[in-house]
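Two complexes come next, and they have one chain in common, subunit A, joined by subunit B in the first and subunit C in the second.
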Partner chain A sequence: MKRFEYYQPRTLDEAFERMGNLKGAGKYVAGGTDVIVRLKQRALKVDALVSLRGIAGLGDIAHNGALSLGGCALFRDIERNEVIARDFPALHQAVSMLANPQVRNVATIGGNLCNAAPSADCAPPLLVMDAVITLEGPRGKRDVPIESFFKGPGATLVEAPEILTGITIPAITPGTGSAFLKMGRVSQDIAKVNAAALVVMDGEVCLKCRLSAGAVAPVPLRLKACEKLVEGRRIDHDLLEEVALTASREVSPITDVRSTDDYRRHIAGVLAKRALGDALKFSTF
Partner chain B sequence: MKKVLSFVLNGHEVSAEIESHKMLLQVLREEFQLTGTKEGCGQGECGACTVLVDGIPVDSCIYPSFEVDGKSVTTIEGLLGEGNVLHPIQAAFVAHGGVQCGFCTPGMIMSSKALLDETPMPTVQEVRNALAGNLCRCTGYVQIVDSVLSAAEKIQAEIKQ
Partner chain C sequence: MSALRFIGTEAPRPDAPDKVAGKAVYIHDLVRPGMLYGKIKFSSFAHARIKSIDTSRAERLPGVRAVITGYNTPEIRIGFIKDNFALKKGKVRQYRDEVAAVAATDPDIAEEAIELIKIEYEELPGVFDPEDALKEGAPLIHETDPRGKHRTDNIVPVPWKFVSGDVEKAKSESAHIAEGYFTTPLIQQSCMGTAGCIAEFDLQNNLLIHTKTQIPFLAQNDFNRALAAMGLKGKNTRVVVPTLGGSFGTGLDTHGYEYISILLAYKTGRPVKIVLNREEEFASLSPRQPTRTWISQGCDREGRLTFRDVRMILDNGAYTSWGATTPSVMMLPISSIYRVPNVFYETKIVYTNNTYCQAMRGYGNPQAAWALECNMDQLAEAAGMDPLDLRLKNKNIPNDITPMGLNITTCGHEQCLNAVAERLEWRKLRGKGAAKARGVGMASLFHVGGSGRVYRSDGTGIIMKLDDFGNVSVIAGGIEMGQGFTSALALASAEALGVTPEKVTVVTGDTATCPWDVGTHASRGAFTACNAAILAAEKAREKIFKLASEHFMPRVHFSLKLRKKKDPSFEMPDLNWERICDPSEFDLKENVLFLKEEPKNPLLRVTLEEILREAHFKEQGTMIVTEAFYDPCNQMLDAATCRGNLSATYIFGAQGAEVEVDVETGEIKILNFVAAHDVGRVLNQQTIKGQIYGGIAQGVGYALSEEYRTSKGRNLNPNFLDYKILSAPDMNFPIHIECIETLDREGPFGAKGVGEPGLVPTAPAIANAVYDAVGVRITDLPITPEKILAALKRNK
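Moving on, here comes the complex of A and B:
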């Protein structure tokens, strides 16, 4: 592997300064499961890595109705958090299916978002939960809705030397259920297609519906036509079939090493339908 | 750039001057000649390089060496008891055919150690989940799962005695 410097700042300000001085030749590293692998594959060249692991508080998880995740919250900790498993099942499921234990023990949710793979497994759950992303830089802090965060494969709203410091998920209301599903070649592979759903039910009627799919477009998508179809209705077999068809039309997948566009289009419909059915089961009204 | 790293390696305080681009795996194998830890893929896929950092299994091939400063690292060499007595997990792998070519074995055993430290009597599914990041091209995994389950029973029986 090519040589690089490795800096370990203890504060955000130190990190911004270090990254600023590198003038585009540096990258942040959190768990390193994307960035170090890409360096080893020679898909990426840097003069230096600036580690976020030593910055206090970035890994914290807190819950006071709303859920706050630090930018460097570990999948390991998210997976073991009982409140997340109970109230935010789609996120719990996405994280516990992601990669493998050794990767989850070091990889972070902020790294998953900033890497911005169209297949990033945390994106669909956070999209259906209307998460807000906090970015901090030398000039201050800004909050952006996750819906506007992704700009294309590998591209986000983050402007160096900004750091993704937090993710906030609004508190759930009664009747909320959510679920995540993923289709891959083998269990630890990245998704061919993934999908998440969230519903807020009032008895049999769906008050609010959020659907999202990944690896089927340049960025993780909200399936808004499907959402419109579902809101205000009872979720029955016919509606689920309609959702599957609509979802297949809403996505714009490509053919690559993992799958074909046709297959992805079809599976996006199937996963959207099933995720919606599962979210309904998790809803506790 | 270089830095003197101080950490606990298999129970002993060590320190060494290491270059910033080295991964923990290279440090263990080249600096400390602990060649029990293997490099398979070198990219976080196969788990052959699994070691414990503060008791938690990580892929040492993608673990930046500077991050172990002040931490505690356990490799397969650290499991051997006094008088070169095999650890119960190692013994179980031998007894149950959990080893064929042996290349995946150090990583399998480190993941198993972390599992049994957290979950002393795991279910079959818990063993499979814990070993999901360790690939084996020889055994078909059945003997490996048996080895871990039998090690769990042995360790619990020894604790009770």
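Moving on, here comes the complex of A and C:
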């Protein structure tokens, strides 16, 4: 691993300036669980890392109906937050299944999104929750819907020296339920496929449905054809099977060392269906 | 045998606290004064001619102390048949071929220097499938053999064949026959502590090497030969083994990186450290061989086995390690598990441009068991029998000599099978879980339990040194690599000598001070070392009792007089204080000497340390050091017929699993796991369970998730991100371990070797359970959800 400088700015402005001065040869680091690994594998070379850990407030989690998570919110804090466990179970589940306690003690949600792996476990829950992402740079702040955030494997809307400073999840309405499922080769693994579902139920009828899946396309996907199928209908066995079929058609997975395209396609359907069923169980009136 | 005080107890391991707290010194922690860091430049091709090597830019890099290649260093041949070289010249045959190396003042500089070495290659067509390598016209991996003779094919000149009876005739007479084809993948040993060494020379050109090895004395010999090749004939090597973070067979050969650090150390005159990082460990250490096995077995109408026909192809990779001898161990279960009169077994080992392979825990047995035990279930189905009944019908029995000449003495096979069946509720569950996609499966194991004579000597030495405070150093040739060797040896030494275990310090891992040992392999560490310790302890006891005959009564008298002084009311017993006792009158237990006649008499006792001090601190005094060399009573296989009693005793076992298959995803969930092993005798409850649990965890990984993937000879998953070993959350099912004690007469206190067997039958037990659950038989490991789902679809 090549030697590099390490900076720990105290404010956003200081961070922007540092990063600006590095002229493309720097990277932000939060938990470092992606960036350090890539440096060691020599998949990445930098002159300097600029840490976001010294910037006050970036790790905060706040709830006033809507949920706001700082860009550097730690997985361990998210996992232990009771409101999140109660109102946003899909996110809670995704975070609890991610890596292991050691990694969760340092890894951040912002790092997960900015790393933009197609398999990122936080993406599907945030997609079904219509999360909004706040990016801040020297020229100001902008909010982007998570749906347009990912551009490809490892690519996002973030333009250096911008920092992902927050994630806002709209308040849930009565009748909302959500769930997340993941399949790996062993229990601690990058997802072969992951999926999340959110439903807003009015009695037996589904008013709103959001479904998403990861590791099945260059970016985490919303399964919009499935969502359309479900909205306005009762969720029964036949509909779930229809969802499974439709989801399998909506995804475009690849074969790699972790799994095959055929298998992923099939599993995307199974997980979509099961996540939907689970979301329904979590839905409260 | 009198009641045992320490053997069979739940004794914490003496090495555990330091390891857990990070205090133990692994090769990674070790620093020598003036040390340089070595780094190896590996090949960029699987098969290519080396056209030129330009090291000039690397040499100019500040901080670089040496750059070496095969062209500017003496030729050092390595490997089981010496078909490998420390540094390659002419051509490369695998991606991990060492082409150049550097030593620099820090690891980053060494890494940078490696990148500055430019090598021009001319790529050659490669062959990556052993069956392709056997075809006419296949590219030759080695054009000549180690003696320079021209080669015409890719067959490794280490053939294995065992024939007993008449298989063809038996085939024609069998009532039922089952055929199968089974394969196993490359497996990386996945030691927590990666491999590495530090080589250094003194000014007499003797070599000191700290290295990760299981064979310090054979390595010493290998390195001495390398010294001779370097023009240092007659110089000696001292091998020192630091704390090992697992080895699992990786330390059974000496490796390119060791010779390279020796060459670099010699060239620079400084200690040179090479430690493999995780990616290098994956890409450049030798994994467990992959096998392809064609098997058929038959039985008569009653279910008695009539024949077994097994043909294997092993992918050797580009060079030959001791792993080429694993068929000798595969042969044990193939010839002898379950009683079978007619056996044909043949293995071809084939060169390819894949990474060259080595032995791993089980020494070929897991690959053999995979085919054998899956095929047993196939045969049971063909015969319409319950697989448990087929196994019981053909079980191994005590006091039986098998066609291979294996002399089975104690044998708990039947108890093991029954224990598994009972714990798993076999009779209730088998064949009944289809509705829930649940099933049960089992498999047996047969392995060496009394060492294995792979080399001409199967011996091990022990030195027992007592000091004047009653402390005992047990200096052993074997190696602790995490398996609990020191713990077993401390308990056995304490028990045999008559001291408490905390008095015992086990010293290992230094060829200059420790007595010779052939190597810690074949589950032989505790078996051989504890036997040697018992011999050394007997000699020590003789000496102690001789000293006691002179000093015992006077010491008793002395301490009673002291007592009388302190407590005038004490009544001095009327004894002959001048009496010289006979040595045979004494016994020693838990650090205290007493007279056998009066074991309970509180007055007639002297501590061991008092006697030792009396004998030591006087004119013409003495001290006690004893030694023993134990070489088990077993035989090397006859080269032509492959017959011989390889081990002094054999270990048996059975494992069983209950599984549930998710038929929508193909995922397997283990609901319950049972392991019953005939271990002879439990030496330490804690370590034996550790060995078996650990074996099962590796076995489940072998069954379900581990696979060293390659594409045209290049490893695709050189890290734990994509090479999936199990971690604690995966072992989330009940595991019941039953140790059957058959008290083997060759074993120390009756114990057999238990190091390897834990993982042998795990994969087939799970595969058989999957078959019972959903009627799908996966024949190529690992059993992934992808394969199950595809098979379920085909079955529909």
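We adopt the following convention: the second predicted complex is superposed on the first by the 285 of 285 C-alpha atoms of A that agree within 3 Å, B and C clash if a C-alpha of one lies under 4 Å from a C-alpha of the other, contacts with A are read in each partner's own complex, and residues count from 1 in each chain.
In this section, contacts are C-beta pairs under 8 Å (C-beta built on N, C-alpha and C of every residue); 3 or more make two chains touch, one makes a residue touch a chain.
None of the values given here were measured: they were computed from a predicted structure.
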Going by the contact rule stated at the top, is it subunit B or subunit C that touches a larger number of residues on subunit A? B
So in the superposed three-chain picture, is A:Y263 touching just subunit B, just subunit C, both, or none of them (first/second/both/neither)? second
Kindly classify A:N100 by the partners it touches after superposition: subunit B alone (first), subunit C alone (second), both, or neither? both
Should A:Y6 be classified as contacting the first partner (subunit B), the second (subunit C), both, or neither? first
Scan A:Q41 for contacts with subunit B and subunit C and give back first, second, both or neither. both
Subunit B versus subunit C as contact partner of A:M183, first or second or both or neither: second
For A:S252, select first, second, both or neither according to whether it touches subunit B, subunit C, the two together, or no partner. neither
Which holds for A:N21: it touches subunit B only (first), subunit C only (second), both, or neither? neither
Need the overlap of the two footprints on subunit A, from subunit B and from subunit C, as residue ranges. 1-3, 41, 100, 187-188
Would you pull the subunit A residues touching subunit B in the complex into a rising list? 1-6, 8, 29, 32-33, 36-37, 40-41, 49, 51, 53, 76, 99-103, 105-106, 187-188
Subunit B - residues contacting subunit A, complex: 1, 19-21, 23, 42-45, 47, 50, 56-59, 61-64, 66-67, 111, 129-130, 132-133
In the complex, go through subunit A and note every residue touching subunit C. 1-3, 41, 100, 183, 185-190, 257-260, 263, 266-267, 270
Counting only contacts in the complex, subunit C reaches subunit A at residues 108, 111, 279, 664-667, 705, 709, 716-717, 719, 721-722, 724-727, 729-730, 732, 784-786, 789
